[in-house]
Amino acid sequence: MSTAQHRANASKASRPRVGVAGVGQIPFRTRYPEHTFQELAFEVARAALRDAGITTDDVQGAVYGIYSDLLMRQQSSDSLVHDYLGLRGKPALRISAGASTGAFAARAAYAEIASGLSDVVLLLGVQKSGDLINPENQHRGEGTMMSESITHDVNWQHPVTPFPPAAWGLSLNAHMERYGTPTVEQLAKAALKNHRNARLNPYAQLKLDLTLEDILNSRIIAWPTTMYECCGFAECAAAMVLVSERVAGRMAKRPVWIAGVGTSVEAVLQDGDGENYGRVPAIRRSGEAAYTMAGVTKPREELDVAEVHDIFSGLEIMAYEELGLCAPGEGGRLVDEGVTERTGPLPVNPSGGRIACGHIAGVSEIFSLCEVTRQLREEAGERQVAIRRGRGLVSTVGGQSANIAAALVLERDA
Amino acid sequence: MTTRGGYLEAEDAIVNHYVYSHGGLSPFFRALKERGQLTGTRCAECDTVWCPPRTHCSRCYGETQWTDLSHEGTVRAATYCYYVPSNYKLHEYQEMPYVLALVQPDGASTCLYNIVHVPKVVVGAVPAGMRVRAVFRERREGRLTDFYYVPLES
Amino acid sequence: MTTRGGYLEAEDAIVNHYVYSHGGLSPFFRALKERGQLTGTRCAECDTVWCPPRTHCSRCYGETQWTDLSHEGTVRAATYCYYVPSNYKLHEYQEMPYVLALVQPDGASTCLYNIVHVPKVVVGAVPAGMRVRAVFRERREGRLTDFYYVPLES
Amino acid sequence: MSTAQHRANASKASRPRVGVAGVGQIPFRTRYPEHTFQELAFEVARAALRDAGITTDDVQGAVYGIYSDLLMRQQSSDSLVHDYLGLRGKPALRISAGASTGAFAARAAYAEIASGLSDVVLLLGVQKSGDLINPENQHRGEGTMMSESITHDVNWQHPVTPFPPAAWGLSLNAHMERYGTPTVEQLAKAALKNHRNARLNPYAQLKLDLTLEDILNSRIIAWPTTMYECCGFAECAAAMVLVSERVAGRMAKRPVWIAGVGTSVEAVLQDGDGENYGRVPAIRRSGEAAYTMAGVTKPREELDVAEVHDIFSGLEIMAYEELGLCAPGEGGRLVDEGVTERTGPLPVNPSGGRIACGHIAGVSEIFSLCEVTRQLREEAGERQVAIRRGRGLVSTVGGQSANIAAALVLERDA
């Protein structure tokens, strides 16, 4: 056993367990012009508290996943949200970590509880994005993309790199050169799966009735990624109530436990050697850390469901490989074999994923945690997957070049 | 969620102006601008050659020294950009579509993001392993876009 | 720390344009702009009157309803601003020095930040407890600065 | 005993201790044009690692306190720093909490270790601020202030509120009306103390030889605060190595323990009733939480030193009261009696404080933790205070209206 595993097992025994006691979601939408960010946050906080059967009096503190001040048109927006939720005076913590923001916030909330500092923490992600505009043509998406573009290294990427599907697409292209996969058809199939899943999800932004041809024939964003294989910007909020084991019994529902959590912040992809081309080491490392902590050794067999960050569909396929659902280069085959279909042996993105269900950094990571919680509770309605082992995975990735990643393993008691 | 009637919109702008310093990286951008020369830093301890340069070595915390780099290099990865929002500065000096690549300058341990100009942008035009050379623009501003790459044979 | 010779500076700007929505607060800003009227929201459960308004009550999570508020109010705290950077929009409609105050509109449970115009800005001119009334500008944009306060007797 | 105290005591017994093993600082300066933010971070990280006697191989993860993306001209700058420090692939977490950012990051780093997730964490704050400019008059400070101004609530404060000494000054004015203190002389005396202390500190930005008259006669910013009673903007970085108790023995120096940590995020000051006027409830609550956790009941007697956030000198005096060093309204008298002088019974801001030593959100909070660590180690050179009980306090405050606060109690073993 490695030192890391040994430590993980040793501390697993003594460490207090942290559970999900409540979830609160609203649908992703291109824009919620009828609500401020405080109002969006209120809606999901109220839902999560109700789901847990508690009130704000029971909440000892909050952790907020809010990526961008500029999209909010407000710095320190977390304190305004905290007050609006009726939590004034209590601890709050705001995390920012690209499109892994909400998952990094989940790690911080986990630590807040496992350390003994708190027993009941509200974890909440909220993000506006549709208030931006390109004044030259009144295009909101262009205003948002320009605002977000300074996530790229301003000196070394930004001048030549439009946005993630281009910067991150370097890895996908390298993967295709290195392994011969995924094919453009496999990329479209993975997207089609997610678009179909979204049609069953009341929280999904897009409910398009697409064919494989529609996806293949849609506009190319950055080759090989087409428009329907790529997420857009949305506004949304999502919340969870996290609790320590000793208060979990007082909640309205049986908890789903956070069995493992791993994060990894990698360098911007500029390596000279070829080892990391076509790979996403941050996803791999975060997954390994979460699996070690949770005691997962054969994820393909031990997981019932996974939500991964399909910022574009090639990234979902590469994530299969990094997360050990298959060997490197085999991700495309998983799609062809239907393994990750909603009714397959290991459904991935039954929510519809970022491509179809919706995406905005800070929220979609917590949204995914809510989705896996609902799946493990078997409360997912039409999109429910089969729960056999009682374990699910959330994997997220963001940053300058898919270099900021997190993974969480959730599990229910037998 | 309920909508309480129509909503009111208002205009605003958040504008930040900078005259920023390149700090310890100044020699790189100055060499680009003034000499049309690509430079990097070599670690005195472990021989890593950093480009993007670093004043200290992230691998071993050793001191680094500036060195001129070759203008030839090798493509490690490329992607083909078809869509760029209309408000990107990139449109000022680049037609769409274009090829974005990671290029490892000869002698460097790392790669730079930059554009590879090819006569015709078709998928596969810039494979990994392709040899390229830097072309410097006449008007240089001390930015990464002061140069781009072209296939070595061209 | 060692300085490696001179440094290179470059210009840049980060510009974000918005046409943002006031969302659930739209009725407040619309009433300011269109009616020259101060409004708030009353919680149906606990009777808290929110101004700044809230579509739900942060104290009890009850629903709230819109209500017109009095244009008279009471100063709870004030400070005397002598220095404002030259690039603040505030200079467009306010001479320096000026009095910044927290004013509780009659009937509201909360206060608003706003300016209290006094004939002569001297320390102590706007004590806590002072009664004030709102004056609305002719040209209103749906912003907090569509009005300011003056002492009630003036 | 209250439930909170009971819980604090109960968990104190079982909770693993977290210690400061290394500190790394550079002086605050108006601008470091010769260094990028990565280079500033490198300098303090290297110093902190050397102080702890370890290398990056020993570091398992990092927590970054970085308040403003706009001052950095870069979003997700933490991942660029993480790579530059040679920590690529390991966990990192970026916290943003106004001028309490670094202290909130310290809480997150504490939790990361106390939860058992990590044993060795680098805590690092870094912030550029002098790259901004007002293009109309080439004034850098005005560019920075405008950039930071969106910390104020954009709808409800920003249109009428220039910057913190105005918004937060409402509380100070209310305090003066309510209690008749502090007087303008007491405000100047507190500032003079800090300016004098800074002259002994090699890390201080300002080393001005001021008289009480100089301070009283300097330009009024927002009454009653004068220019020399108010901090400016600086650039800086500061770092610490935090470790679990079980690895603390392997470090080069004996640890200084984090005995208590409390945070509080209050509402923007807009209360209708008068209770909070002239008070700073976030400082009070954060202090109470830290004291409870550390078992401090009589802070005036039990602390040897405190670093508090004198964003302007009135705030230092109000902090005395909120932190229980004296009764409400008695803060000015503490200054008159010299209690908080460097050679007094409870020195406050021996570093020179934010007014004279320097300030930038994200860094100065970690800088204060470094200062108290050095004081408790009795390594503070000319500015060393007398250490009797072995305990020190750091209190920070930031946000829209002094509404985001943290407090940490540090202690050395007897």
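The first chain written gets the first letter, and so on, giving A, B, C and D; residue counts start at 1 in each chain.
The rule is short, and it goes like this: a residue touches a chain if its C-beta (ideal position, glycine included) is under 8 Å from a C-beta of that chain, and two chains touch if they have at least 3 such contacts.
Computed from a predicted model, the values in this text were never measured in an experiment.
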{"item": "Per Cα centroids, the chain farthest from chain B", "value": "C"}
{"item": "Separation of chain C from chain D, taking each centre as the mean of its C-alpha atoms, in whole Å", "value": "29"}
{"item": "Geometric centre distance via CA averages, chain D-chain B, whole Å", "value": "38"}
{"item": "Mean-CA-position distance for chain C and chain B (Å)", "value": "45"}
{"item": "Chain B residues counted as touching two or more neighbouring chains", "value": "4, 7, 9, 12, 14, 16-26, 55, 143"}
{"item": "Where chain D touches two or more other chains at once, by residue number", "value": "33-35, 70, 73, 83, 88, 134, 143, 146, 150, 154"}
{"item": "Chain contact graph, described as a line, ring, star, complete graph or other shape", "value": "complete"}
{"item": "In the complex, chain B residues that touch chain A", "value": "1, 3-4, 7, 9, 12, 14, 22, 25, 52, 76-90, 100-102, 104, 108-115, 123, 127-128, 143-145"}
{"item": "Chain B to chain C touching residues, read off their complex", "value": "4-24, 26-27, 29-30, 33, 55, 141-143"}
{"item": "In the complex, chain A residues that touch chain D", "value": "11, 14-15, 61, 68-70, 73-76, 78-80, 82-83, 87-98, 104, 107-108, 110-117, 148, 150-151, 153-154, 261-268, 281-282, 285, 289, 398-400, 403-404"}
{"item": "In the complex, chain D residues that touch chain C", "value": "26, 33-35, 43, 70, 73, 134, 136-137, 139, 141-143, 145-146, 149, 155-157, 159-163, 166-167, 169-174, 177, 219-224, 269-272, 274, 277-278"}
{"item": "Of chain B, residues touching chain D in the complex", "value": "12, 14, 16-26, 54-56, 58-59, 61"}
